[in-house]
């Protein structure tokens, strides 16, 4: 019984159908089916809002599960991930949008008019990554941090350890352990060979 | 004259010392009994003393203004006065206190004295929880006051007097003469009202620690809190002595020590009753407790009064 | 029973306080805004923090001017204990009546709850909870303290009336624990408020907490817990440390 | 002496000559017309003076024959007086009509005016039945002519209706005359009167008289056949309205007076017929006028109603009612009173130029800022309403007394009900016109701004007229014509009032009230500043009060004088805080205090009633001064005058049963009556004044919306008048009412329920003044309860509570006045934390609320102790329990009051608030000292009160030192005080000894869940303070009483609408109505035949 509820109601063919539709309309690309109930697609920044709207209105992805960002510092860009959920099909679809990391380009259209809750995610992204969402409500208010004036702490070039040492009076005498090495040496020495 | 005043002062000190220490120990003991019921060791019976000493041992305190400063003083004065206007032990000169100043009516209204002062002090702290607590407390007070008043009126009608001493005198001569048995309806109404008066569960919404920490005394600290703790003991003692006098025949014996023992036993039982009820019931919301008191207890009280009229 | 060892630690004297200037126990602190733009940072005069005005009142520089009248501007003062016997008696009373502030600052707060149960029964040690800092004497810092929480900790600590005691519960309060390199978690609690007893472990069990309380009681009885006075004595040092991490101060310099 | 014929001839002659005179120029001609009219006035005045002296009539027989051959004109003293007044009013009317700014009269209008006057003179003077018809026709045609000269179609249409109706009336009259002539063979009224019992008793004669009287009645425009007249009043020029109402109607009434003896002689059916007609003519239009939106139409209704009353008054002597003095005194005074007042109101309508009756809030407050016009309008309205000192009052008093004495209870009800309705619509008009320009006349309960904004506009609720005077002055200068006409009318009214006063035989105290008001009014005219006036008033009243009580033994009378005058003098000091001028304020306050004093000194029911009415009037004008008091004062006036009318009814019934009723005066039980209904009415009257539950809806808003100082006076001093009256009427209330229940038991329950309900209502008010007003209601309930006990202790309690209430309510209201003055708001949640800014006010309020709530050791406990002891002693157990419950509720609202204002968080914009002015604080501290004194030494108050009650009851308590001992318990206020001081000082010293270092912190230094407060507004817990209480009681707290009275008001409105629908505005309908009226009179007469 309960399995039925959690199991996806969508077949891979249907996912492909949705993808094909998006592809012809908006040039969406890069379908990745991670699980039966979860897939990811990529789209351009300019098409993203249209894609999301289309998904919400035409394909039943009415729920914005979350919105987050991944810092791909090596490639000089952020990947925004809009995770949508379809209640009918019990299927998650992640829409990945790439935006530049630096300068004026580091911004994205707001979607708070489609999902009011998105404003909160956007505030968090602004605070933690420095991504701008022009027009999003209360965007520049403090969210989780209070009075933060440094680099946005989730950007990879922000050296949190250096910041901590500079700011928080590290207690002298603390020994630091490389976690990987510690696991290898102490905790799982027998499995270490296989790594 | 001077000798008379000094004697009275001495008696007063003795009377107050007895009630204060007794009530403090009673509170401690009762907490320990409750702990035992819950399977704990519990705090020592003298814990209330330590708490009071600790509060007074605070090195700093803050005051929000004159009324805040005087609030606990008013409160303690209310407790002391309430006790001092009640004859604690029937027939005893030492424990007759200042009951010659007025009768039951004086006592009933003097209860307000401390509450008003405390409410003003709490109000001046500027803390919204204090005001909320006071608003709840006062509202609840008017509600339990009605059955209480009805039972008192029934007693006054029964005995034809408002003097506490005379009410106690009329109950002498065996427990069948106690008002609790000669006027059971008044006793029931009064004892239910007493639950509200003592502020224990289910009528503890005034302080409601989880909700409006902790009501009126939210801002009270250090010596101010110490006074409130002292008052809690005295005021509780006074109220229990009052109810003992009204319904349970008072404490009377030619031997003063025996009389005190009678008082101890009776008030202990009264307090135990409050504790048991408190441990057994969850907390009422304000409007619930108002409705409760204006319901069944009031009807019982009216019945008691009507019985005296026919 | 004790699964975590209890470690007590005397406070490191930060040095003698200077004259309306900030003692600088650590060359990396205080002078100049630390990191960031400096906007909303500690007000400085000649590169140094000003907490007190010339009349020895709190400067309350971070408050809006219309708010200043609504807060007391008296700085905390050192209050000398009484002499031997009397103070010992009072200390005994203080140690036997420990009222905990009901403020769970971190994940460790979960370890406080079992103390109320019949199994641990803190009441037998004279310990009980209290919902308002005004009436509490013990502040249990329940684990990691983020900057945001630190602000509330400082405020609540200052609102308690002295003598007051602080228990640091868990490794995070000692050196940041597993959050030692976070951009948002303080490493050493004792740089912000005076701590009397640390309880190591992640997380320490309730028994360890009780052991910490017993230790605290012993120390109080010995007259060693003068945290409030230490705080007043080194007020400017503590303030400088606090203000260095708490950027939107928006409260008086001492929360009475 | 000039012959009456000359007057007729002169009128006619001048009317004919006027077109020639006009050749001299229009202005000159009108001036000459005025001169001629002045000459007429001189003539009639000359007749009056000489005839009153000689007591004989002036007779002129025309054409050289004697009556009945000739037409006889006769002028008696009464006729001459009426003609003088008519002429003077006509003169005033002509001045206005020819001198006003627009649409001046000239040419044929003046001609027709003189013809109308001629007709009226003729109607009054002629003693010939056919001649009456001629003059009726002349009047009718001239009125029609005046109406038809207008180019306004509506006026013309009205004229047509008038023509049809008066034509019908004339026809009836003529038919009647023919019948009468056939039966008697003479047209001379004297002959007919003599012959009537024989010649006219036949059915034919009666039939003829029926036509005759119907014709006259129709001319008097009786309801329900008067729609045509009403339309005329509404459509016509107000000048014509004034003429119709004052001149023509007066003349027609004289015709009825002439004919009445014939009717009475001919058949017994006519007196009841005319009585019924009069009653209908009085009551129906009053109801119709209730919702009237056109002022002129409303005045029209009022006119026909007044004439109805006059008709009643005329008939009643014929019905055998014994009247003192001249046979026609009452109707004549009523008639002239009405003529002058109504003409005045029509001219005011003309002068203000708008016709709105002031129904609803959007209408202009056009009399605000025009003091002269306002005074005149007020005089006219009050005179019409029959309030002292105007002549109408004395007439109404006599009429009501006569009705009761004659056993006409039904008519008594009609007269009182009609009078009440008249109060509603005329009072409302006056109030709406004099209200503050900001007032939308909807405020009858507290108002909370929708957005919680700090409303500084509410601020100066007290600052009544000051600012608007200047702006209003520009609103319009009054034209010359109106000035002269109104001035003349006012002089007439003033003269009549003085004459009535002198003739009425009321005592000195009543006169002193009027002299006091007049004296301070003169100071206002001299533009003496308020402070100076207040000082004069304080000095004068103190002197007067001291001289009134010094040396006198302590009795109810002197006790209440002390209470009233003392209480008021102390509170008058507060006025010194107000700079500038406040026209009328001191005069009215002095008037109110003096009328209260007059109440104590009254030695007859008349004096009691006059004092009561004067108190009502002065206090009404005090209340109406409030900035948003319009709606409240409509209620105040309506309920107060309802109370007065009930009292009047009670007095009349009591006097009818026992002519010695109420003589004696000033002692307990003076006004005792054994008539149960009189006792009930008296009780009702007093209960209204005391704001007892169900009758209280006027009280909160009146006390709250008045100016702050007035609120305090009204609540602390004025409200005790009802208590005094209870004591004066004491003996009446013990009588068994029904099934063995005595009136006092009912009173007791009403008292305790009032106490409870007042307290409950006070709980949920955000507006501090409403809280205090409801609190007053509650306290008065206690006093009624205590009084109703009818025992020694009960009465001592009632008086004790009265004194105590005076003290603490004065303190509280004045403290609030100071706070409102400083903070600019009356809403409690907008205050807070003022203790540090206004510490003295805080102390005053603190002592005040301790005194109210009865917490020992202050004096309030004395009241509680006495009350419960008295209640339990009498076996009123449930009442005692309820009283105690409501005393707990008092504690609740009092705490809310002091907390919300003084404690909690202070608003940032109140940081600079300063302590209330010394002048406001001084009275508070005087009261405070008194409270402390009587708390320490309760015998200071209780023993004198025992002395006062002693004549009625022997003491039931005894004293041992400071201990008062009752049969139930004992109380030693002195010992309590010492014990309290002791138990207070001991902990205080202990605290000072053990406390550590104490730091004084500020308002935001609170524990706030580890946050900090940001605004005082969101931190101060004050709004909806007892929400949970409201929730607990649920629908029990719904405003049932308010709903009931809304229902009454709506029902009255529906009745009014239904009645008004009868007047369709259609001439055919009106003609049919008149025919039906004839049929109706026939039916009534048949019923009697």
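For reference, chains read A, B, C and D in written order, and residue numbers begin at 1 within each chain.
Please note the rule applied: a residue touches a chain if its C-beta (ideal position, glycine included) is under 8 Å from a C-beta of that chain, and two chains touch if they have at least 3 such contacts.
Please read these numbers as outputs of a predicted model, since none were measured by experiment.
S.K.: When I count C-beta pairs in contact, which pair ends up with more: B-C or B-D?
M.R.: Higher C-beta contact count between the two pairs: B-D.
S.K.: Hey, which chain ends up farthest from subunit D, C-alpha centres compared?
M.R.: If we average the C-alpha coordinates per chain, A ends up farthest from subunit D.
S.K.: Could you state the distance in Å from the CA-based centre of subunit A to that of subunit C?
M.R.: So the centroids are 38 Å from each other.
S.K.: If you average the CA atoms of subunit B and of subunit D, how many Å lie between those two points?
M.R.: Measuring from centre to centre gives 53 Å for this pair.
S.K.: In whole angstrom, what separates the CA-based centres of subunit A and subunit B?
M.R.: 63
S.K.: Give me the residue numbers in subunit B that touch at least two other chains, ranges are fine.
M.R.: 58-62, 218-219, 222
S.K.: Going through subunit D residue by residue, note those that touch at least 2 other chains and give them in order.
M.R.: Subunit D, residues with two or more chain partners: 996-997, 999-1001, 1003-1005, 1007.
S.K.: Two-or-more-chain contact residues of subunit C, please, as numbers and ranges.
M.R.: Within subunit C, residues 72, 79, 132, 134, 161, 256 contact more than one other chain.
S.K.: Help me check something: in the complex, which residues belonging to subunit B touch subunit C?
M.R.: Checking each residue of subunit B against subunit C gives 31, 35, 38-44, 47, 50-51, 53-55, 57-62, 209-210, 213-214, 217-222, 225.
S.K.: Looking at the complex, which residues from subunit C come into contact with subunit D?
M.R.: 66-67, 69-72, 74, 77, 79, 103, 132-134, 152-153, 155-156, 159, 161, 250-252, 255-256
S.K.: For subunit D, which residues are in contact with subunit C within the complex?
M.R.: Contacts found on subunit D: 908, 911, 996-997, 999-1005, 1007, 1010-1012, 1016.
S.K.: If you look only at subunit C, which of its residues touch subunit B in the complex?
M.R.: Residues 72, 79, 89-90, 93-94, 96-97, 102, 118, 121, 123-124, 126, 128, 130-132, 134-135, 137, 161-163, 228, 256 of subunit C touch subunit B in their complex.
S.K.: Of all residues in subunit C, which touch subunit A in the complex?
M.R.: For subunit C paired with subunit A, touching residues are 26, 28-29, 34-41, 147-148, 151, 174-176, 180-188, 191, 241, 244-248.
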